[in-house]
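Below you'll find the structure I mean.
Chain naming follows the written order as A, B, C, D, E and F, and within any one chain the residues start at number 1.
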Amino acid sequence: MRPSGRKLDEMRAVSVEVGFTKHAEGSALIKMGDTHVLCTATIEDRVPPFIKGSGLGWVTAEYGMLPRATNTRMRREAASGKQGGRTVEIQRLIGRSLRAGVDRVALGERQITVDCDVLQADGGTRCASITGGWIALRLAVNKLMKAGDVITDPLVDPVAAISCGIYAGQPVLDLDYPEDSEAGVDGNFIMTGSKKLIEVQMSAEGSTYSRDQMNQLMDLAEKGVSELVAVQKEVTA
Amino acid sequence: MRPSGRKLDEMRAVSVEVGFTKHAEGSALIKMGDTHVLCTATIEDRVPPFIKGSGLGWVTAEYGMLPRATNTRMRREAASGKQGGRTVEIQRLIGRSLRAGVDRVALGERQITVDCDVLQADGGTRCASITGGWIALRLAVNKLMKAGDVITDPLVDPVAAISCGIYAGQPVLDLDYPEDSEAGVDGNFIMTGSKKLIEVQMSAEGSTYSRDQMNQLMDLAEKGVSELVAVQKEVTA
Amino acid sequence: MRPSGRKLDEMRAVSVEVGFTKHAEGSALIKMGDTHVLCTATIEDRVPPFIKGSGLGWVTAEYGMLPRATNTRMRREAASGKQGGRTVEIQRLIGRSLRAGVDRVALGERQITVDCDVLQADGGTRCASITGGWIALRLAVNKLMKAGDVITDPLVDPVAAISCGIYAGQPVLDLDYPEDSEAGVDGNFIMTGSKKLIEVQMSAEGSTYSRDQMNQLMDLAEKGVSELVAVQKEVTA
Amino acid sequence: MRPSGRKLDEMRAVSVEVGFTKHAEGSALIKMGDTHVLCTATIEDRVPPFIKGSGLGWVTAEYGMLPRATNTRMRREAASGKQGGRTVEIQRLIGRSLRAGVDRVALGERQITVDCDVLQADGGTRCASITGGWIALRLAVNKLMKAGDVITDPLVDPVAAISCGIYAGQPVLDLDYPEDSEAGVDGNFIMTGSKKLIEVQMSAEGSTYSRDQMNQLMDLAEKGVSELVAVQKEVTA
Amino acid sequence: MRPSGRKLDEMRAVSVEVGFTKHAEGSALIKMGDTHVLCTATIEDRVPPFIKGSGLGWVTAEYGMLPRATNTRMRREAASGKQGGRTVEIQRLIGRSLRAGVDRVALGERQITVDCDVLQADGGTRCASITGGWIALRLAVNKLMKAGDVITDPLVDPVAAISCGIYAGQPVLDLDYPEDSEAGVDGNFIMTGSKKLIEVQMSAEGSTYSRDQMNQLMDLAEKGVSELVAVQKEVTA
Amino acid sequence: MRPSGRKLDEMRAVSVEVGFTKHAEGSALIKMGDTHVLCTATIEDRVPPFIKGSGLGWVTAEYGMLPRATNTRMRREAASGKQGGRTVEIQRLIGRSLRAGVDRVALGERQITVDCDVLQADGGTRCASITGGWIALRLAVNKLMKAGDVITDPLVDPVAAISCGIYAGQPVLDLDYPEDSEAGVDGNFIMTGSKKLIEVQMSAEGSTYSRDQMNQLMDLAEKGVSELVAVQKEVTA
């Protein structure tokens, strides 16, 4: 039995409010249950030095969490003078994942920065950031296309992410915080709308898992991503 | 004529959503027109070293702005490795202002940290932070009193803040960003519900002002703060 | 009764030694009683990026305090790896204040950096820095004019600053440290020689004040600034 | 055809020099082809604050690369003032992986820090660090057991890691740098001697992969880890 | 011929103003020609962790230079976020040198921090800091002895320092900046009043020197230190 | 009697493995007894800004120590966010010393960075770094000459370094760690193959020394450097 009463393969309620903030070229507040992440996409004409003049575009991401997004207040990273290891890991993952769905030639030599800021956390913030970040990216690219700055759609296959894990001996979909903090094994599965894999990270803390278990979680993840991609399409239609 | 069409002494529409996030002891999303600030209050049993054992409480504040809260994306402070001078100034001001309304003996030896994070900016973020921060503080203290942890109400007089300035030669109330960026003179006025002054900061950039002008802005500010205090009372009733 | 025996509207003895160091284009050691600040002005041909090519000049300031300028030794900011919030606030105030007296077109596209380093502190260091900083700036600009690099005097109205506060229930001029550490309300008043206001910062810590009190302090400040501007003129004549 | 002429499922030559440095409780220089990593294990009686008094032990890791371990010199992280995102990710992975093979109750309340410093890099440094780090850990724990400080062996199942990827359309084992820099998909597989999975990280940069491909790489990884565990046993026998 | 017209073995004019600032337990402004260093000594009852409980005292030093102490303005170290390599080297040298003249048992378990801040630089700032730092230390220790907190004088032999170098092929005493910037070889000689050596640092930049030359500079240094120790005694008598 | 049983003027066994790593233009692992330092030389076509366009070359050095190179583990400098004062001092010394043997005109406008990383420490790491660093530099320059990029050999006189000190009242050559930690006086002597002096640093901690003692150590150092230069020649022949 899951603490939330959900079925093993049941995701939390998902809702998305697009255009949550007005300045960004794309913005969305995604809620996966009590995990709320504000995602914004910013278009800039400059690209990082290593691709200057290549004609290729770039998509990158930054991640943050408000100090009291969590149950007890965490120290503000800006005040402590650096981003923690967890933050760095997550924002690299978000950027890498989003880029997998992007045709960088079609995007042209410009950069889109996706900021994912967690307003409230209840497990699964990195997956919500990827799923919501894609929505913000989609909205921003729509603007570029509407303005004629980009002709061929550079977003070739939608990207979404979901966590799965082994909780109380059972494979479960979309861990919330109470599950996440007790699961010995959990994974993040990032896929495209056509079920291609982008990144799988499955790790055990103080435990191990079998290939069978891995395959069970993969099955759950495919189900979850399908549902998320449907939401993405609906809210950006 | 103001860009927004407002009258000289007309504040932007104010709305407050209390309980915007669930973990904090007090939380509120305050909107002053297009300026949106999420304020949370966190109660902790420890106090800063300099008052340990004194029996006195402490109220402090931190301030941040999401990178794309503004028209062009600003660098994330956590990524650049330090809080900018403007951020430091603002969070010191918020803390000082809120403390002026607090009876630290009645609060008892505990600390309340008020985090003010700007989700969307359109001028006047520090004033919105103070006004909204007081609401979060009020909600958190209500919990302490309900639980019997605090007997006498330590919040002796509500604190609110508003900016005024001289725009196109006219004194105006509650500058939005288009006004703020052109005003040669502007000020922040922090007062209590009983019209006592806590802090006045009035500065000219590449300009000066007279005592008469200062008095005109003070009059406007008193009007604005009265209205804000009414809102504070209504949403925390 | 003031600890120093001064009258309510009596400033501390002011003395200025111009040319205290030889390398800077302008330098002055200003003493306001036991508060001693070494101010130097450095002229450079470059300007900050945001005004490059505009033809406008820039005046900026930095502030520091020697570790043992105070009664107990403070940690050296260079050793602790960053400037504290108080330092950042003060140097931004100094720069903003000095710029209010400068015609940046007449200055031409060059930058003058005013360094204010407190050798000994006894209250009022930010005001002494502004008043002394203006003297260093005046001396540096004199050199530019003598050399024919600048034709029209860019220093249009001298800038000086003084603190006032409410001590033992009485409005007093030019707080020294013993007064400053006990005053519930104090303010810094930055004005020009022609009594125009540049910046007023009046704040209460754990207290409040009325508009009447504010006006009394303004009256005192006008008296103080007049005397300081007279000193500035005398030593730079 | 692989650049090195190796077969698709052929690992690079592995050699280990145990006791490479004399001060550490355990040390080993592991060479996987031209990737050379010096691993040392340090035993300390203190544990991190979050497990103080729990009776549990802790294993953690740090990772570094000498500036000229690579083909072009990289900036020294100590000189640039922080560890890069890649470094942070890797050392967290090493620590997590090693802990999966450790019975922290049997270890007792002490910490073992495994330092992995890359002297020469040619792809696969994180996997070499985990495999070599386990050897250093094994040697250090042997000392504890010999001294009677630890009774039950806390190292319950050896941990090793290998990378696999899709190179020129083919699944290959143990990518070297020329392969790694061209592979669109690669993964790191961390397993125990009994083929239990600890962590799988499989990611595509600007590409995607199928579940079939994932399974092919898993098969290769199992073969590689078996060989590595055999080496670990041999050199620590 | 030296640029200053001084003889080869002639030191610059030395003057010392003791008690230059009022808060420090000992303070002195030392001028060696146009090199002016403000030295203060601060007594604290705490000692560094590594000698806590040992009964031994500690003397340490910090060094800084005002941004415009030099001919062109240098970046303020507090603003750049760290002390430069040169600063670190110098302050370690000052501390080590002063400690050589101190009986740490007689001092008792307390720490004296000597701050040396260069107000104006014209070569030889580290030597002036040592010589002036000893004076501040002497004055501070005198207070301890007068108060009966220390019985046996812990300052066993005065410490002073002078630079010598080879300028235009000639060994010269007490290099000023024009000499220093052209000398291929220069050294700093730190000795006690009884001509015992504490530290010799003699280095060539893009050049070398012989043992004969080294001995000539040693002779000059002994002369210089004798004169400096005489000044130290006179001003602290 | 020395702890190692060596004679007073006996150096530790020296061995050098050239080409220890494959990427660097020059590399050598130097062992002086149990002190092992990996030195690599990297050639780059860019030079520091201050000599751009001058036609002159530059040689610089960086120094590091692996965390467990020492008897107890030291904190990793990259993790603590800055290089310690000792590290900064040492790497400046290495760079300065090596440059003294280089004809920067003959080198041409390129930079060679010598990285010295201590794998195992037992005293004398800075001297081993200089001696071994020269070897790496020699190997790198050989490549430049072989390729015809440099015509005249820019390495005019080999540079080597050795420490000497007063241990148990006796002057001894090449202090190991047990001696170094007890010697009241020690020095580092950097010389060329033709016995010219580059840098002498002789310091006493809590002690002093006489000119006679200084001369005895100089004699020992000359002997040691002769032997080291012979090794350098042999391994780079």
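As a working rule, contacts are C-beta pairs under 8 Å (C-beta built on N, C-alpha and C of every residue); 3 or more make two chains touch, one makes a residue touch a chain.
Which protein is which chain? UniProt says A, B, C, D, E, F = Ribonuclease PH.
Note that this is a predicted model, so its numbers are computed, not measured.
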Neighbours of subunit D that also touch subunit B are A
Check B-C, A-D or C-E against D-F and flag the pair whose interface repeats it, over half of the contact pairs matching by residue number. C-E
Regarding the subunit A and subunit D pair, does the interface count as same (over half of residue numbers shared) or different (under half shared)? same
Taking each chain's centre as the mean of its CA atoms, which one is farthest from the centre of subunit A? E
For subunit A and subunit B, what's the span in angstrom between their mean Cα positions? 33
Roughly how many whole angstrom separate the Cα centroids of subunit C and subunit F? 51
From the mean C-alpha coordinate of subunit E to that of subunit F, what's the distance rounded to whole Å? 28
Residue numbers in subunit D touching 2 or more other chains? 81-82
Applying the stated contact rule, could you write out the chains in ring order, opening with subunit D and then subunit F? D, F, E, C, B, A
List of subunit B residues in touch with subunit A within their complex: 20-24, 27, 34, 36, 38, 40, 42, 44, 62, 64, 66-71, 73, 76-79, 81-83, 87, 113, 115, 117, 119-121
Subunit E to subunit F touching residues, read off their complex: 82, 85, 88-89, 92, 96, 99-100, 104, 157, 187, 192, 196-211, 214, 218
